[in-house]
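Before anything else, here is the set of structures, which you'll find just below.
First subunit A sits with subunit B, and in the next complex the same chain sits with subunit C.
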Partner chain A sequence: MKKKHQPLLRNSGFQALIASLFCILLGLLIGYIVLLFINPNGAWKAITTVVKNFLYYPRPNKQLQYLGDTMVKTAPLLMCSLSILFAYKVGLFNIGAAGQYVMGAGASLYCALAWHMPWYICLLAAIVAGAFWGSLSGLLKAYCNVNEVISCIMLNWIGLYLINILLTTVKEVASPYTLELAGYSPGSMLPNLGLNTLFNNSKYVTIAIPLSILMAVFIWILLSKTKFGFELRATGLNKEAARYCGMKEKYNIIITMAISGALAGMGAALLFLTGFEKWSCTQSSVPAMGFNGIAAGFLGGLHPIGAIFSSYFIQHITNGGAYVDKTMFSAQISDLISAIIIYLCAFVFFLKQFFTGVANHREEKRAGKTNEKMGGEKQ
Partner chain B sequence: MGETYAVEMLNITKRFPGIVANDDITLRLKKGEIHALLGENGAGKSTLMSVLFGLYQAEEGVIKKDGNVVQIRDPNDANDLGIGMVHQHFKLVDCFTVLDNIILGVEPCKLGFLQKKEAREKVVALSEKYGLFINPDMKIEEITVGMQQRTEILKMLYRDNEILIFDEPTAVLTPQEINELMKIMRNLAAEGKSILFISHKLAEIMAVSDRCTVLRKGKCVGTVNTAETSFEELSAMMVGRSVNFKVDKEDREPGDVILDIRNMTVASKSHKNNAVKNVSIKVRAGEIVCIAGIDGNGQTEFVHGLTGLEPLVSGQIFLNGEDITHDSIRQRSTGGISHIPEDRHKHGLVLDYSLEYNLVLQRYFESQFTNGIGFLRRGEIRKYADKLIEQYDIRSGEGPVTIARSMSGGNQQKAIVAREIDRDPDLLIAVQPTRGLDVGAIEYIHKQIVKQRDAGKGVLLVSLELDEVLDVSDRILVMYEGEIVGQLDAKNATAEELGLYMAGARREEIDQ
Partner chain C sequence: MTLLLQYTLVFSSVLLLVALGGCFSEHSGIINIGLEGIMVVGALGGALAMRFLPASVGTFGIVSLSILSALILGSLYSLLLAVAAINFKADQTLVGTALNLLGVAASTVIVKAMNTSMDPNNVSSTIQYIAAKKAFLVNIRGFEFNWFMLLAVVALAIAYVLLYKTRFGLRLQACGEHPASADSVGISVAKMRYAGVLISGVLGGIGGLVYITAGVSEWKFENGVAGFGFLALAVMIFGQWKPLRIALAALIFGLFRALSNVYTGFDFLAALNVPSGIYNMLPYIVSLVVLALTSGKSRAPKAEGIPYDKGGR
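Our next item is the complex of A and B:
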């Protein structure tokens, strides 16, 4: 098969990589400047701490263990970013990943703590709950033309309070947190298949990590190699053309939102079924995981494989922020730095457009010359 | 200085990349006259008016107002010079009242408070003076299209405009409303306003205008006094007698009926009337049937109804004797209908997909291209794409992996034609298949269409180009305001005759 040379600037993989790296550097720089304003003495140390994360610990054992912790939280983030980029490829903005994540958390924890179901049933329950919640937005969009962003935001809140009510039945008496998973339903914990030994016997490292990476590969294959993905992407790129060639646009919207929701719901199960976190039944804001997924999706260039790395990176600096010297900076400073980088991630998209624009401009110049020779043809 | 002109556009030339939209056009508008501007689609009418209204800048030529050269850089300049325009699609705020819409942008204020009372008196006075009946307190969404148009006219009058441009004002009106509008225009002219009236409906031009300037393919054909001309002369001027090239085509006896449409009615998206009214058409094997007509007379909706993109209000469609009225788009397409769509960017292509993917857009689900568990056979797709590219001579930068967006319009259209024809359909629907293409590509596509007909397929061609209609088709049906008003044999038909039907000046009962 012959492959013609394509301008490097136009290669979308290259564009995404450069743009993402640029955003990361710019984000760190701005974060550093903010730190300088607050306390010039500790700024450099703080920013290096954020970037180092688990390397903060001098002993390799500890390093491995905290690398494990970072990866435990990367798995759900990756699932949320897959959820968002999947919908985005079909032209839908699933800001409801957060709510679908909440539904997944509620369903998996309730199955585990109230019914002591085995882990795979809990996982399945989370997937179904997330898919159901996502398909509600899809149905509203397909049949009532309700903008999915609006319905998603509303469903986020409805989901949060529903799950708070549901999980109150399985919470500890003296605290707002749900019961200890390891104590009450050890069979519902995700198995680790010995993976924990790689990370200094970290309690929380389970099959969640490889499972999420497998899902990324699965989504990549689904989108790029199958008939189903062909249809979904065509619908996303040109809804009218998809309709013209007989694709079922409404069905595609609903199924996309359902799959997107299933991914987010599964993400929640991959975190809560490790026992790493417990659900607080009094929380009054939707977990940030779903929203961070938007940033991770964009930083990863909206590519499932890119999302693996971007999700890890975002989780890396979020965890790293926790080690910043609290005597010099307030506790929230870590959130601030990661937020700056996350917000800059949105620029990945603009940078990609910018690169394409440059490539187009060059091509137009060239085409202009050849057109003159050929007499020119109207577009 | 014998006569006084309100506006003179002298030797206006406006170029767009690859096309001269206005080539040395001169238009003189006398004070107090109704001056019609006639021409086919793409003749340059809208461009010329946009130059006058300040939306475009002409490369050459000058504009004079009352004998003085003026610069019109944007619509505000035009407004200051007293030039107002009623656009084809009204620019009104639906949830505001008529009065609010009229004063919008020039609200009379005192200390920041609206002085609606003054405005209201002025509007009422104007509406009485010119016979423009409106209710200033009704909301736009509650009133008829005719009343909305009167609101637009009052907007111009409220701003004391002297020169009024009407861009195809009758397109959305009922016959009664059209008569009403004609009366209003005459009133306005009698009161000293100068009117430019853009239209391609000959009857209206003959009825209301004093003079008429005809444009064709960006050039000015001439200006005539309406009283001294005729339908025939105007339509000849509009379409031109010259034919660029002839399509080689032998006579053929049509075979069995392939497509049978009975009493099809399709709703319109832009107005409340039906766009297609009770249309019955038959297409036989080995026959090219052409739907001719001026843009916006229901052709688009007709094709959408036929291909399943829009639901029918009523009627039935039979393909090879089978009722496909309730079939999905996919069922119709696999059942033997190929469709070269009117808008290749909107419907015909996924512009950000590669050429090879676009070439299988109608077939990707067939077992040739998708295996049993839903994976695309990418090798097969590539092979098929290579075959079509070679066979139909589709040129692109990188072959099958070229992104469709980066291809030239002609090659994009060739790709669509290749895709649709290679499916070996029973019925080929080609809508405006050569729009915006150069002569070489047009010839090529015409040949392909004739080849389909010679292979015994039914071909339904929808075209706005008179040359194409006359050269390619066997039988011509003229669509006017959603109805078939005439049927002609392409061999004997003349452009003049066709023009009369297309402009609604003649109609006959068709028995299909």
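Our next item is the complex of A and C:
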């Protein structure tokens, strides 16, 4: 049987793509208007700097190196966005990705710096720590009816102070930062398998980047091609119906939060085990990575493969923010743009309905025309 | 001890104001996760007023005008939630999260731009308002009385009367419990929900202003309000969406928050030699435990978080 032709506007993937592009363009436009208000002279230059990011450097090998840097930070962001979209598919809003990320960072760095464990153990420790932290929210939701958003936020702050205390034992004497990973525990660094040669021998490009993409594919398969994924999504769509069908909805909530937490925890290890960043033990705010993951997850249309591209985009403009002229604007303008994009993402549902409406309207028109034609032939 | 009392009362006032705001929004049927962002924006409004008002307007002028500025900015900002959630039926959790991120990012950008335009070497994200802040404080034998403590009590009384004794309050609650029946007797659900969100914006904005005047030093906008908006939501849940119980809950949470500020003043607590991080964690741990114990028999408004669809009646 021939597959029925479906208008492009009805295709949900196409709708999501157009909606995301719309959010990006409108987000940049609003960001630009804000910049115009702040300082009309430098606004255009600033917004192009944010969008260009590494292309800011004229020489190609420098560009490659900074492209590498952007990708190094894209890997954890992708993991966080996977964490959020995975939970969201099951009807849970995991705003705690930030806290699970913090736990992952703490566990991996502690295993590396205090016990000099090999990298795969450190990575595993981060996954376990993140999963544990996530499952706490799941347990509270399943058995005590605590809204996961509130419990996640509380756990974010508890996690932050906990990890600050833990990592103070492995920090440099003179600074609030943790010890240099390359110097103290080179065996804990993620291997690069020669990937770094592709990026002008960037020190920080490791297997983290392909690993995160593999995880995106894995999550995609898990959610859309397996019975387990189907059960989880069914629980998300209708908890009562899922229970009626014999699915264990409490267990599903806990396991979802655990997997979601594991993804965020792993994301932290993928960043901190490259040595790209150190943990500051006096940090008084939860790292933005988990929150940017929300932006990336929704911008990617809540699809794991879409998340790869949206994560890169969000990280691209976040890094680009670092290059703006500091005498006029602050680096936070890229945070501002991504926050605007998240806000706009809330309208995606409406946009999709709008597209479907347009498609319906067109079909009606066409149907009306063919009817007229047929009527004409009869006469 | 006076210091502990003073901080407890200040932090309780913040929590009470913001939690009452959340209470109005949720009774109308809109979950306001974005209180944190609303607080930051309200704080920005208040701080700007304190910074730029001339000293000639007097103490009363500074107090009332900066409160006015905070509540106007807070309520304008909350409109972003109202439009998305009521007119466009957006996911309220997502919009709220966006407001939280947007509030911090936008205020940081604005404050930094303002600072660097006045002095190119100044890249900090603080506003100088220490001098004007004194207008809010009355020193009574070592105890710093803050006018906001009084304001919080007044707000509590008004909220109680408004919610239970007026036609408006009862209609508001109807929209959160069963919007379809409210609609069927001619109450505009959209208008009521707008009112609920705007009230939460007003109270959240004032709460943000109280939060920044509570600290000893100037406040960095990039730090946001450290989860206070969410603590307020926890207070609201613990208070079972009822103003008087919310007030009690706010006192308890305020006490734990104050402990982390002043524990060094108590010899026996200082002698325990516990890392300061533990005290910082305390309010959050307490709220988790309390939520775990009290959320089972939740009295949340039944229709909260669900966009009202006239066609679905």
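Criterion: the second predicted complex is superposed on the first by the 328 of 379 C-alpha atoms of A that agree within 3 Å, B and C clash if a C-alpha of one lies under 4 Å from a C-alpha of the other, contacts with A are read in each partner's own complex, and residues count from 1 in each chain.
What we mean here is this: a residue touches a chain if its C-beta (ideal position, glycine included) is under 8 Å from a C-beta of that chain, and two chains touch if they have at least 3 such contacts.
Fair warning: this is a prediction, and the values are worked out from it, not measured in the lab.
Undergrad: Give the label of whichever partner, subunit B or subunit C, reaches more residues of subunit A.
TA: C
Undergrad: Contacts for A:63 in the overlay, against subunit B (first) and subunit C (second): which applies, first, second, both or neither?
TA: In the superposition, A:63 touches no partner, neither subunit B nor subunit C.
Undergrad: Contact-wise, after the overlay, does A:150 reach subunit B, subunit C, both or neither (first, second, both, neither)?
TA: second
Undergrad: Touch check for A:225: first (subunit B), second (subunit C), both, or neither?
TA: First partner only, subunit B.
Undergrad: Pick one for A:140: touches subunit B only (first), subunit C only (second), both, or neither.
TA: So A:140 only meets subunit C here.
Undergrad: May I ask you to decide whether A:245 touches subunit B, subunit C, both, or neither, giving the answer as first, second, both or neither?
TA: It touches subunit B, and subunit C stays clear.
Undergrad: Quick check on the superposed pair: does A:237 touch subunit B, subunit C, both, or neither? Answer first, second, both or neither.
TA: The answer is first: A:237 touches subunit B but not subunit C.
Undergrad: Tell me, which parts of subunit A touch subunit B in their complex?
TA: 1-2, 4, 6, 225-228, 230-231, 233-234, 237-238, 240-248, 363, 375-379
Undergrad: Residue numbers of subunit A touching subunit C in their complex, please.
TA: Where subunit A meets subunit C, its residues are 34, 38-39, 93, 95, 140, 144-147, 149-151, 153-158, 161-162, 164-165, 168, 284-285, 291, 294-295, 298, 326-330, 332-333, 335-336, 338-340, 342-343, 345-347, 349-350.
Undergrad: In the complex of these two chains, what residues of subunit B are touching subunit A?
TA: Going by the criterion above, the answer is residues 17-19, 307, 309, 328-334, 339, 341, 346-353, 357, 361-362, 364-365, 370, 374-376, 378, 382, 397-399, 401, 406, 408-410, 436-438, 441.
Undergrad: What residues of subunit C sit close enough to touch subunit A in their complex?
TA: Residues 33, 80, 84, 88-91, 93-95, 97-99, 101-102, 104-106, 108-110, 112-113, 116-117, 120, 123, 125, 222-224, 226-227, 230, 233-234, 237, 275, 277-278, 280-281, 284-285, 287-288, 291-293, 295-296, 298 of subunit C touch subunit A in their complex.
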